[in-house]
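Shared between the two complexes below is subunit A, which has subunit B as its partner in the first and subunit C in the second.
Up next is the complex of A and B:
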């Protein structure tokens, strides 16, 4: 019996979940430091908080009067537009950079074999790395989405903001937007992690996926359903006009779209685990 | 020959002329670039739109084809003018970007990550020659899909309509040539500068993607929030389109002035050159 199996099998022969949990926590400790405090994290913070900076400038300047917005209800339409860009640019690119480099980055740094030599099941390693990156990216984007939302609604004073949040639809909308951001990180993260494991040069995959998500409004109804963005857009509390040449399709109800994205994620992660189990490292050809 | 008899002697073979020494780099780089079948396939794809333009020019000058539509002024739809060539350049600009995304990041990052620069620069080969040599790789490929095919299309139209048309549209020739070179230089400098700083090839490609997508998102957000067109200056593609429209004498549909677009482009170039100057050195201080 290999060392891996000896350490993970409980005396009864099943999986020792306590050990798996401790291993995941160990991976989380190392990976979270990498994800949040390395140079790579600069891109994450920039993408998450640069739009917040622009919105803060907007909120502080007298421009809202010029926009002829009557209050937070009107501003929610502006937010819906900004959030869509935030989703398809900031969140998409952050997931791309973070999740694709989970395995590819280790291969380029020639350090993946340290993980592979330790007595951890490969599936546990995949899960640990995924959860660490997910915690980092969802944490940052939950804060980013909330700050962006509050700043958009803030030019009319704290009293109006409080009324909109607690007596109007504001809080519900905010929770929905944060949930969409989290769901986007979950879905895109799994896809990009698998791409980082499967392809030596994941750029082509990233470009293709971006192009597919970009042209989604112009695709026929059936093809729209083969993308992540369609399910996320279906959840938007304030719909955004897709443009003159867009093909309209009925939004998918939340009870279908949320489990849909989660099921896709589970399937992709299972595939990533299987791929990791059969993975062999060849550092020489990866520079 | 005994080992002790192997003493130093100067190289006696023919020397490459100093003026053409930079061409050694493209000579070897092309072998690697075109070793990939995917790259070749994408390069072929880059010629699909020029081929379609070719067909349009042919049909717009074909009397038999025009006679098929006696009641319709088909020349309204198949008008070969500056707008036609502006559209041609706009489409090819995206192909050029994606091509540089695949080729550019690997040009410098490999040399840097494998500490190969001292091997180049310890020979009679300057830093400028190194950068020019690497730029030439991209310039040759990108030229083939931009101004070279563009000028072939202009020549084709002139051969159908008469050489007087060419004399009347000399601005078109000049605009297409200079405009293409502006884009080629921008892409080449951007990809070399980014790959010099971000040594991982895939991450460097993501960074290029980020410059373009980020500019698009941040620019449109600024435009929406502040009711201005200043945000367009962050969008590199729009900056280039403004310059092309001015060179070809067409309306770009954008409010950005040619002067501000030129200044922004020069700032971009200056930034890229500064980045290259900081990193392309024969030695490296590792802290």
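Up next is the complex of A and C:
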């Protein structure tokens, strides 16, 4: 059998980025199929679109609460509240399921060794898997966030909606909400991917993390900053009241919070790459 | 027995000729799982042709194979395959293929998609991956079933499609962990022909089995493993001879140990005798167990010995060999 042998070293002795690029495309093909068209994807679609369905029912029915709102500007406060729930529940859980299973799921299915027996740097594998899951989850939640937003603003008619979007703050808000959703996927995704590599039972870690994020409004100012949700909430275009028992803290400006989440992500992914390079595979079997 | 070797740390072009034809070099390698021994102080060099790793379950065969493919990292020592360290998959797996014992795969893929998809992960473009995938599938005789989902494959078909995946990229070193498991006699014969063809093409083929007869049929040389140690190495006939001639160690505790040691030396029934520090125990190495026990019976009567214990200290190795021989009937 003849095969074209490729090596990562280019003629100049550096890394053959063309080969690395083709390998990442190969990983994306495999992973996007897994993330979007497997049984696991059902949880993603459910978490993303069940709230959309509920909002569609709300928008379509003459609910007295809805009529008490004067229009999209009032509704934008409702949406800010809804989005916060969407962020801390749907997006958080979806990232947990998808990213945590990138490595842990394959260990449970005993299929990770096929990647480990391929001529790819483990760091490239980590990056490829991460990007694939990120494309899947951000694509779904960009659609979910946008649909949810448009449905919230829709009961007052398309004319009012159009004016709010294009002559008012609507479009800017929508872009901000979608950006926050993407940023949440970026940050949570990296953390959960690493957790899936580090822990045999990452669910307990996820519960702890979720609890930490959930109690964030009630934490002292310094501790608030040790969470992802605090930085994401700081970006909300319409502030949400945290409740009577919440401890107030000054929101972080966008020029700090966005690079902050990205830097955290880069650090966590670097750690994930190091961990992958040192990972062993035995699946607990005997000789 | 396993050779103690010096391992070169100088890398070389994996496409070029191998130094002394040695594709796999283990230099004093140990692997422990916590406190459990995987393999201990293994030094070996595997040359061209087909090498068989033989040993019962738990002897360290899979550990050895997982180490040489980087799925496990050695606790001590150094391993190089085609001159590359095993912790550099980006160098190693352009030229190495490994059929593991893990009978698992991405469940939703067809056989073709499975082979093709991992060729894309290797970095092949569509046309190249498609051509190589079909070549490999044809080689294992699975073309008709290639478009079916692997979830519906029999064990033999799964084994063959995994083999196609492992050899599709044209490796120079092919590592196969119990590759004949689950195959019917016809399929075994076909698969063995594939191994032979790979070896004829210049590929280094390393096969494990717990049945000596199985590797006897196809291997140029055999490594016999027991309890994490390489206990014999060489041609199959050499290994058989070595096992038959191998001296056994017997531990004896009695009231006149010094006299027993002297008598054993005098009668030349032992190749080595060492007296324990407390002068109550003797460690004897003998090449002829029958003569040794007959002599001991006589000695007990003549010297009125009071024997506390007499036990074979390395019975494991003999038991392993007996096990392997007994299983020969299950062969091809």
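Note that in this section the second predicted complex is superposed on the first by the 274 of 287 C-alpha atoms of A that agree within 3 Å, B and C clash if a C-alpha of one lies under 4 Å from a C-alpha of the other, contacts with A are read in each partner's own complex, and residues count from 1 in each chain.
The criterion applied here is as follows: contacts are C-beta pairs under 8 Å (C-beta built on N, C-alpha and C of every residue); 3 or more make two chains touch, one makes a residue touch a chain.
All figures in this text were calculated on a predicted structure; none of them were measured in a lab.
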* Between subunit B (first) and subunit C (second), which does A:81 come into contact with in this model arrangement: first, second, both, or neither? -> first
* Asked: Does subunit B (first) or subunit C (second) touch A:179, or do both, or does neither?
  -> neither
* subunit B versus subunit C as contact partner of A:55, first or second or both or neither -> first
* Would you sort A:120 into first (subunit B), second (subunit C), both or neither based on which partner it touches? => second
* **subunit B versus subunit C as contact partner of A:26, first or second or both or neither** => second
* Classify the contacts of A:104 with the two partner chains as first (subunit B alone), second (subunit C alone), both, or neither. => first
* Considering only touches as defined above, state whether A:89 meets subunit B (first), subunit C (second), both or neither. => first
* To do: Kindly list the residues of subunit A that each of subunit B and subunit C touches, one partner per complex.
  => 287
* Asked: What part of subunit A is in contact with subunit B in the complex they form?
  -> 40, 43, 47, 50-51, 54-55, 58, 61, 63, 66-67, 78, 81-82, 85-86, 88-90, 93, 96-97, 100-101, 104-105, 108, 201-204, 206-207, 210, 287
* Asked: Can you list the subunit A residues touching subunit C in their complex?
  -> 1-8, 19-20, 22-23, 25-27, 29-30, 33-34, 37-38, 109-111, 113-122, 124, 277-278, 280-283, 285-287
* To do: Could you please specify the touching residues of subunit B with respect to subunit A in the complex?
  => 38, 98, 101-102, 110, 113-114, 200-203, 205-207, 209-210, 213-214, 216-218, 220-222, 224-227
* **Complex contact set, residues of subunit C against subunit A** => 14-15, 33, 38, 57-63, 66, 69-73, 87, 89-98, 100-102, 104-108, 117-125, 128, 132, 135-136, 139, 165-170, 201
